[in-house]
Structure formats: C-alpha cells, structure tokens
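Both complexes below contain chain A, partnered by chain B and then by chain C.
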Partner chain A sequence: MQKTLSQPRERRMWLTRKRSRQVWAYAFILPQLLLIAGFTFYPIIMTHVYSLYEWPGFGPLNDFVGVQNYLEVIRDSLFWNAFQKSFIFMAGTVALQLPIALLLALLLNSERLYGRNIYRALFFIPVVTTSAVIGIVMRSIFATHEGVVNNALLMSNLIETPIRWLSQGNTAMLALVIVASWKWMGIKMVMWLAGLQSLPRELYDAAKVDGANYWQTFRFITLPLLVPVGIVVLLFSIVDALTAFDLIFTMTEGGPGFTTEFMELYIYRYAFTTVAGGLPQLGYASAAGVFFGLTVFLISLVLSLLARRQSRLKG
Partner chain B sequence: MSRFKVYVLMLTATLLATLGAAQTLTMWVRTPETVDLLRESAERFNEANPDITVEVVPFAADAYPGALQAAISGGDLPDIFQVTNEVPVPRLEDLGLIQPLGEHFSEGYTEQFDPAIWWEGSTTLGGEIYAWPDRSFRRASLFLYYNKDVMEDAGLDPDTPPVTWDEFIEQAAHVSEQGAGRLFGLHLGFTSGWFNERVFLQLATTVSDDHGVPAEHLPGRMVNWRDGTMFDHDEIPAVMQFFRELMESDGIHPDYLNTGRSQAAAQWAAGQSAFLFDGSWRLQEILRTEPDLNFGITFLPSQSGNPPLWGVQGGSQNAFAVASTSQNVEAAAQFFEFLTEDYYPKLLEGSVDLTPIPELNARDDIEAAPEFSDLIALTEQATVVLPSPVMENSDNLETLIRLAGKSARQPFGESVQGFLAEGRFDISDYLEDYAATQQRFLEESIEEARDRGAEVSMDEWLFPDWESSENYY
Partner chain C sequence: MDLLKRLKQLPLHTILLGVAIIWIFPFIWMIASSLKSHREFLATPLSLVPNQLMWENYRRAWDSANFSQYFQNSVMVTVSAVAIVVFLSALTGYALARVDFPGKRVLILAYAATLFIPKGYTIIPVYQLIRRLGLLNTIPGLVLAEAGGAPVLFALLFMAHFRGTPKELDEAAEIDGANFLQTFLYIMLPLAKPMIATAVLLQFMWTWSSFFTPLVLTLNNPDLRTLTVGMYAFVSEFSTDWTGLTAAALISITPILILFLSLQRYFIEGLSGSVKN
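Take a look at the complex of A and B:
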C-alpha cells in the first residue's frame, strides 16, 4: 500500500516537523526583528509623537500642541531656506557625480588600462576617509588667505584677487558641491562599474560583427542597458546629498549665515543646540524632520518604482 | 576544605570587596579653560581619599547642551555636572533633577565666600544651596589681544594699542597694508552665533550713554533695564558700520567669517594678525601654549572711548550641581570642599579667573602672570552688576525659567554673520523684528508664570534708576 500523508501518524510527524521548522525560522528572525523594531520603527514612531509636543528633549512629555509645530515649520522662512539649499546641493552633486563617475567607470573598465585596480582603489579612498577630517582639511584648502585652491588659481592667472570661497553663500555652496561630489564619487563609480561588468558580452560581439563603432555601441547598447543601474545610482546620490551632515558641519557649519544650512543641520540646530540661548526644541525639530523625511521618502519611492519598471522592461 | 566551601568563601570575599569598593563620581565639565585644573585636582583628591574616585569628563562647549539633554531624558545624569544658562538651576530643581547641597557642607564653609555668590535663582533656591560656584561671578567677556611684535614690525607703537574705533580701523588697515596680503590688522573667529552676538552687543555698549547691556545669564538679549526693553538695538547699526569700514579697508582677516575661534587665536599668535577679539578665557591658553609671545590685553575698541560693558549678576554661570539620582552627595560635597582649597588657588595661578573667595583673590603669595593682573583690572571696569527682578520678587524665577526656554527663530549671532557675508549692512528691518520678538517673549513668559500661580508683573522688569555703567547692587 502506498504511503500517503493522509495517514494520521505520518501527517502528525510532517506537521510537527513543519512547526519545528517554522519555530526555528522565527527564532532566527526574532533578533533582527527586535533590532529593527527598536532601532528603526521605534525612533520613527517616536519622532512623529514628539512632533506633536512642545518638548525640549527632557522632562515630562506633557505639552501637547497638536499640529502647531508643523504650522510653525511651514511658516519659518529658514526652514524653506534649508529645504531649498538641500535641493540645490542635491542637484549640484548629482549633476556632477553621475556623469563623471560613469566616465571613470568606463575608463577603469577598459581591459587595456594598465594598473586599473590601483586607480579604482585611489578613487575609492575619499569614500572611506572620515568626512569630518575632509571637512576640516577642505576648510584650509578653500581658505581665502593662502588657500591651495586660490593659490593655484592665482598662479595660473585665472583670477586676480583671491575668491572668498567659504565667506560668501554662493561660493561656499559651490565648494561644498565640489568636495561632496569628490568624496562620494568613488562609491558611485563602483556601482557603475558593477553595472558595466554585468552587461552581456555577446551583445557587444554582435555589435562588432555588425560594424558598430565605440560611440554607437555605447549609445545603443551600454547606455540603455545601464538605465536600471543608473536609477539606483541616482537614488543613492539623492539620498546621500539630502542627508549630508558631517561634511557640511565641519566645513561651513551651515554658514556664512544660513547660506549652507541644509535640512539635516537645521534639524540638528533645533534638536540638540540651544538656539540663541533658548532651550533645544526637539518637538519642533521632529516636525521638521517628519516633513523633510516624507519628501525624501516620496522621491525614493518614485525612483524605486522607476527602477522596478526598468528592470521589468529589461527582463 | 571542600570545593563548595572554597566557592562560598570566594563569593563572600567578592561581595564584601564590592560593598567596600570606592564610590565613583562622574563629573561633567563644559568649560575648556578649567578642565585640566579640575582633572588635576580630582587626581589629588582621589589620592588623598582612596575610598572615593572622581572622574572628570570634558565636553566641547557646543556639544554639551545636547549631551545634557540626552542624559536628562535618559535618566542618566552624572553625579556632578555643570549647569547651563539654557537649563538653569530653577528649571533643574523644578524637574526634580538636582538635590540641595548646603546641609552636606562643613559648618561655616560657605561663610568664606563672597555673599553675592549665593544668589537666588543661580546657586540657591529659597535660601538653600543647589550649586557650587566654579569661579567668581565677576567674570569678564571679550577683550582685545594685541601682538606687540606684529605692531612693531608694522611701524606702530606696541605700547599704545588703539582705543577708539577710528584709531582701531586706522591701525588695522595700516597693518594689513604693511603686511601686503601676508598679515592683517584684526582676526577673530566669527563662526559661533553666541560669540558673534557678544562681539556685536559689547561693542554696541560703547556707542552712547543710554543703551542696554548684554549678559551671560540673558543670552540673545540686550536689556535696557531703565525702560524694560529686552533688546535695545539702537546702537547696533553703528557696530555694523564699524565692521563695514574694517572690511572695506581690508583691516580684517579675509577668512574671519569661516574661521573658528581657536584657529583664529592660533593664527594671531603665529603672527598673521596684529589684533584679536577673543574671550578672557583665551588668556590662560595663550600663556600656556605661547609662553614667549610678546602680547598685551586691553578693552575692545570703543566708539565713545568708554569701556565696553558686560553685565553680571551674583551666583555662578558655570556652577556645578549634583544630580538627584546620585547616591554620592556627601562625597560630592567633600570634593567641592577639597576643590576650594586645591583648585581655587590654581585658578589664580593659572591665570584663568578670579575665585569666589575675596580673601584668596587678595593673597600676595599666589603668583599670576602680569597679563592676568591686567585682565583683572580691566574686568573691574568692564563688568557691571545688573538689576535682578528675582531679587525684587522671587516669583520672577518662574518668569526667568519660561524666558530661558524661548529663542528667536532667526538668532542674532548667526544672522549677523550672514549679513556680513552678503555685504548687507542695513539690517534695521531684522533688528526691529528681533527686538519685537524678544519683547513678546518676556510678555509671554510673565503670562505663563502667572498661569502657574506666580504673582509677577511687567513693572518688576523696570528699574528707572538704573545707570548702565554702574553696579546696581
């Protein structure tokens, strides 16, 4: 007689084994779940809660103000200043990083380039260098007096008087865009490189047989196939730029004035420092954080959907 | 002996050792100029008291409020910590975060202090001592440091530093011109809002005879106590003009808007500029790190020739309190008494500050640097004891707590840095808004204090007989 699971004993054993597997699966998931709950969901939920209170970050949470903090955030011109500056910085770094990183990746992907692994490592060094150190060093490099950048420009006769790089809003922003793009270029280059190396070889062989030149191959094969990777690189670049903090804090401290005060610095200023001698305003900072977080989330969502759509099309 | 008995004995010995172990006190310090002195005193205290260990934890001044905030919300305050203007003693007591100290001091201990050090709302509440003063309340703020060698090299008389704004601008421009792009007249680190604010407000006190006076216990304000104006800004456009002339004459270091205070001081000491605006607290650092530097210290330049003023009240702005959660309050009081004997004299010897004990300050056997003696003499002239609504009516403590919690969305110090960067020298609209905000804050604070049962009024913030250049008490 053929054994089937309908036999009660066998079925019981199968169920026991299944339950045991499930228990073990949950047991292995549990620590990660607890960590996510404690360090991701709890802070997110509490940020939303704090945003409804007037609260300095200590003492009892009893001054419920509803959406008052959100209304104040919306009314604060410096919030919109920080919001705008964040997006200008993001646009600048994305515009600079993406094409240059792709260009570097194309160069370093060439099998004819001697010592390309060394170059890859060299371009990656800024990524692993501490942002705070870079910020402090760049402050000297972009100094008006005896700064390396000004000295180089003066010696090349490109300028007649030193540029006040970090003492004026526009030039400070430009310096930040340049430094941040350089700092994060390496990781974007690696992402492009991974994309390039995953492209099917046979398409290039077929194109070669058809007589396509390098530019045509790049235009009609490489670029279209790299679009999904490009969207991911774009997503990472945007999120990196919108959440930049340490580099900005050490290089300009958001100044001069509030000209390079991006959202992260704005939130930090209210959450953890005593603005003009008053108490920290964690409730207000949380409202600003929620507002800005939603914006970043929406952008990420749109880009993720785009990436998925491109993957499907590619599939 | 059986193995079991050995284990039991070992366990008992461990438990007894644990019970008899030294009490460990953690002490948070946010004033860099006193950290080393306190740490050295703590080491000597630990040696003399093997059953108590004090660990000094230093903080960067800018990072301290955040650390204190996290410790308070996490219920994890250290045994001893320095209070800040933003979370003053009354607020800490209101939240049940600190405990009284008076009863733990030896009999007669507090009598050796300047009586004004035990100031209601600062170190005491309802006559009970809640905080131990780390120095005298008579503390100066900003001064002009001048590098005599640089002045001499530029053809200026190093013994007659500039007094008025006109003299200052002229000399600073002259040094820059002589320096031909290598050195400059004035340098100052203008990146911290609170520092920028002090520079502007102290300079503003030299413009006319009728003005407000800035004070450490009322940051962001420039109170004219005669008419109750919280931010008397009439003189500030003149200061803006002073900076404009300095910038236009190239008399100021081109990187001052993006240089930190320490870096500016280091560059000045290295001979990059003739003059430096910095705090009195910078003196001991210069004396320690640049012992051969040929320099002098004097008042910030003044438009009228009168010294720039800085308001003080009794008590202590950097006092140490003991957390209510600490089980070591006796040990903390013992440590404070030790510091009185050990650390206070070092404050004078190290040219850091005056102590709160007048007899000690007058002692001849304590040798301080001559520059420190100059600083003390200048401090005497530049600090004025301000009126205190709390002295008139202790209910105003509630008003002060509320007021300390309020801040303008566009803080003065950071805004001024931005205006200078933009080259925007007419800031009258901003000043009007800022002053109106500060006035509103006082009205709201009084209202909120009343809601909490305090019997206070706006009149208690008016002192018609106040003279800005004279001690009120």
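Take a look at the complex of A and C:
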C-alpha cells in the first residue's frame, strides 16, 4: 500500500532532479559555447557568406557577385601556385618526418635505455619552441654570407661558394622543409613511441622462438601492427604542414617571388595587405579560404575515418 | 652486471648523443650568438664560446626594441586566455560527462569537427567580429580571439576524464546538500588536477606561441604587440642587428623552455594523450 503511494512521488522527484540537472548542464556549457560560436562557428559560416561578395573589409556588404570570386580564384595561376607549393611542402615534410621519427622512436624504445627521458626531452625542445621565433632565427642561420649553415658547409669543403638559400625558390623550399621537419619531428617520434609501447609482448617472444631475426621481426610484426598509429602520424604531419603559416611567413614571407607562398599566405596577402596598391579583397580571400579549409577538412576527415577503421580491424 | 649492461649501450648512446647535440645546436648557437659582439658574430659565426660576454645585447632588445612591453603583453594575453579556456573547458567537460540532455550528441560532434579547422579559414570573420565589437587593437580583443579560437580539445578531454571518476562521489555530495555547481567546484575540480595541469601547459604553449591572430589584430599598434609579432617586427626595424635578434629570441622562448624542461613529462604525455583521443 505504502509502496504504490510513494512510487509516483519518487518518480516525480527523480524527474525534477533530472530536469534541474539538465538546466545546470546547459548553464555549464553556455559560456564556452558562446565563445566557440562567436569565434569558430560564426567565422566558418561568414567566410562562405563573404566569399559571395565583392568587399574591401569595410563599408556595407551589398555588392553581391555570386560565385564570381570562386571563378576568379580558379583562374588565378598564383592560387594554383600556392596550392601546389603547399602540397610540395607537405610531401617533403611527410617524407622526412615519418621514417626519421620512426627510426628515433625505435632507438629510444629499448626498455633499459639509460636516460631515455632526457633524450626524449631533447628531441622535443623544438616542438615546444615558438614557430615564429624559430622562423626569424632561421633567416639568420640560412643567411648567405654570415649564416651558420653555409659557414659549416664551406668549412667542411662540401661546397665552394655559399648557397643563396633563401633567395632562390628551390633552396628556400628545401630550407623550409628541413626546418619544419626538424621542428615537429619530436611529436611524431613520441607518437610512434606510444605506438611501439602498445604492441603485444607475446608476439615478439613467439617470433624469437621461431628464430626470426631483428629485421624479420620488424618487417613482419612491428611494421604491420604500427599501421593504425602510422595513419595518425600521417594525419598530424599533413595538418601541421598545411597550417604552418607562422614558420613560413616569418622565415621567407612567401618569397622569393611567390616560390614559397602557401595557401594561408596567399589568403593573408589578399585579406590583410593592399595587393598592388589596391584595397584588400576580403570576398576574394574568403573564397580562397573556403577552398583551403575544405581541402584540409576533407583530408583530415578521410584519414581519421581510415585510422578508426584500421584500429577497429586490429581489435 | 648493471655496469656491463650500460657499457653495451655505449654505441647506441654515442649515436643518440651525437644526433641530440646536432638537434639542439640551433639553441646552443642562439645562446652563444646572443652574447657576442656584432663584430665577433660576423667573424666567427660558428664558434660557441664568446670572447667577451655582451649582456648589452639583452639590454638593447629589452629596452630599445621594446621587448619589455611585448613580454608584458604576452604574459597578460596568455594568462587570461589560459584561465578562460581551461575553466570553461572543465565546465563543459563536466556537464557532458554527467548529464544527458537533448542536443548533447550534436554538440560533441560539432566540437569534434572543429579540431582541425585551420586559422586561415576563420581569420577574416574573426577580425571583422573583433573590429565590430570595438576591440581591435586592444588586449581584451586579443584575449577573446585567442580564447574563442582555441581548439575545443580540452572540453572533450575533460569529458573523458570526468567519465572516469566514480559517480558515487557526486551522489554523496548531493546527499550532503551540495548543488551541481558546488559539487563541481569543491569535489570534482580538485580531483581533476592532473588534467588541469595538462590543459594549462598545452594551452599556455599554444597561446604564448600564437602568431597569426596577434599579427592580424595588433601589427599596426606597436604597444600591443606580443612577443611573436615583436620578433617579426624586429627584423624590419633593426634588420642587421643579429646579436640583438638572438637575444630577443631567447627572451621570447625562455619562459616556455623553462616550463617545458621542468614539467616535460606532463607536456609529452599530455600531447601524446590528447593525440590518442
């Protein structure tokens, strides 16, 4: 008798508790949601809106031009130059970082290696150092006459005349690839290391029993098992490379003559500087930004789906 | 026995040590160059021991190049942005971990989708928004843009963290009469200290090093430049002062290096942990 009476009341109490907790939850989420809405969601939407207008960045937004900005972007050879340069840079840094970081991780993976944490920290120092500062300092290190790189190469007789690193396109790109790979190698190494440490011991014991040598164990056990981690490392290398504005802008400013002008630098040039004496072209820059944002988003989406599928396959 | 094992590692150590020294050579070189005279810098750029310690370079960067002001700006922006981001992320993470409410899945998905959004995609409207709020060329405007543009990674990490703490703790506090906010502030937040430390470290690193946003928002106002923008301006204003430049560079990166070297385990584990998630 008593029980049937108390049941609806308990249910009502449970409902009020649930509702009050939901109100609290909304109150907890709101502040950050407002901030994110204003500075992430709203900008993403507005980039698309601006891209449909001819607009110098001030005054009313009333010169609707439809997809004309997009058509102009597609027709601009410098846009495709930026697109291409971004991808060359990306390919270069990925090709350098993935294998070298794996090699370093393998060297550091030995369990009883004395001072492992010290080495790990040393290789990690460039990762935490400010990119913009590195970019500026590298200008001096790669300088033609007083630069460290040329002086070292001259002293060891590897070259006879100084290389004009940052004043010719190909060598400027090479210098950027080397510096960027060096800068972010540590994080890739730590990711590989985490992957190596999660591999099952038993397989290695079994391989030893079967008489496999180091290379065979690596080739047939370690490498296949590292594929899911490898995809994550690849994803981060690609995103790092495509969004390396700070380093490139400070080290070469896109030069010489647009040879290292990547996507974000191209957007910056149209949005915040006065191109050829005219007004900033925010609509046009936004259209380029949409192309760029969607490219990065699609690449990261495909790779994260791939990573998820791989790790599910492996259990 | 132990010694023998260590001796066996000698070749490995030789390789590792060699690579590590080359790896951090630019930093050693920076320290050496920042203490050389201009003439010595040009004559022997490779030498790592200055003839005479020129502390003057640091004074030049700090006073003449205005790095004292830039340093102050960087500290203000970073500390404010870190406090805002970490506290709000913890709030969001707790609500997401403990309460089921309509719209939760959409919110998590939307947050997760923004993780890889590049700055070049959003910077134009952010600039416009700050301008329309009347906050262009102000510190609060910069703080807002930094805090709002920070990845929502930490909210998701806090969510995972609070999911891992037993629900019984909340329920006990609730029985004792604590409301949702009190439970969060006095019971759950103190338990999340390791997660808070990681979030503070990483966000500090990101905001301190941030360049694109402050460049766009403060380049035209020298008094508001952060260290990164100040470094960029240094080259055009004092182009051939390489020794002053390396001194300025060291001033800019020393706080982050000290923080990293003293807490490197949390840094590395935090970064690889957030990557795994």
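What we mean here is this: the second predicted complex is superposed on the first by the 306 of 315 C-alpha atoms of A that agree within 3 Å, B and C clash if a C-alpha of one lies under 4 Å from a C-alpha of the other, contacts with A are read in each partner's own complex, and residues count from 1 in each chain.
What we mean here is this: a residue touches a chain if its C-beta (ideal position, glycine included) is under 8 Å from a C-beta of that chain, and two chains touch if they have at least 3 such contacts.
In this text, all values refer to a predicted model and were calculated from it rather than measured experimentally.
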Which of chain B and chain C A:L78 touches, first, second, both or neither: first
Touched chain A residues, chain B compared with chain C: C
Partner chain in contact with A:R164 - chain B first, chain C second, else both or neither: first
First, second, both or neither for A:G59, with chain B first and chain C second: first
Touching partner for A:M90 - first (chain B), second (chain C), both, neither: neither
Contacts of A:L102 with chain B and chain C, given as first, second, both or neither: neither
Touching partner for A:L279 - first (chain B), second (chain C), both, neither: first
Touching partner for A:G257 - first (chain B), second (chain C), both, neither: first
Chain B versus chain C as contact partner of A:T144, first or second or both or neither: first
First, second, both or neither for A:A180, with chain B first and chain C second: neither
Footprint overlap on chain A, where chain B in one structure and chain C in the other make contact: 57, 139, 271-272, 282
Contacting residues of chain A [partner chain C, same complex]: 20-22, 24-26, 28-29, 31-33, 35-36, 38-44, 46-47, 50, 57, 104, 107-108, 110, 112-115, 117, 119-134, 136-141, 146-148, 151-152, 155, 182, 187, 190-191, 193-194, 232, 236, 239, 242-243, 245-246, 249-250, 263-264, 267-268, 271-272, 282, 285-286, 289-290, 292-293, 296-297, 300
Residue ranges of chain C in contact with chain A within the complex: 5-6, 9, 12-13, 15-16, 19-20, 23-24, 26-27, 29-30, 33, 41-42, 45-46, 84, 88-89, 91-92, 94-96, 98-101, 107, 110-111, 114, 116-129, 144-145, 147-149, 152, 155, 179-181, 184, 205, 208-209, 211-212, 215-216, 227-229, 231-232, 234-235, 242, 245-246, 249, 252-253, 256-257, 260-261, 264-265, 267-268, 271-272, 275-276
Residue ranges of chain A in contact with chain B within the complex: 56-59, 76-78, 139, 143-145, 162, 164, 166-169, 172, 252-259, 271-282
In the complex with chain A, residue positions of chain B that touch it: 62, 65-66, 68-70, 72-73, 84-87, 95, 181, 184, 191, 193-194, 197, 218-221, 253-258, 272, 404-415, 417-422
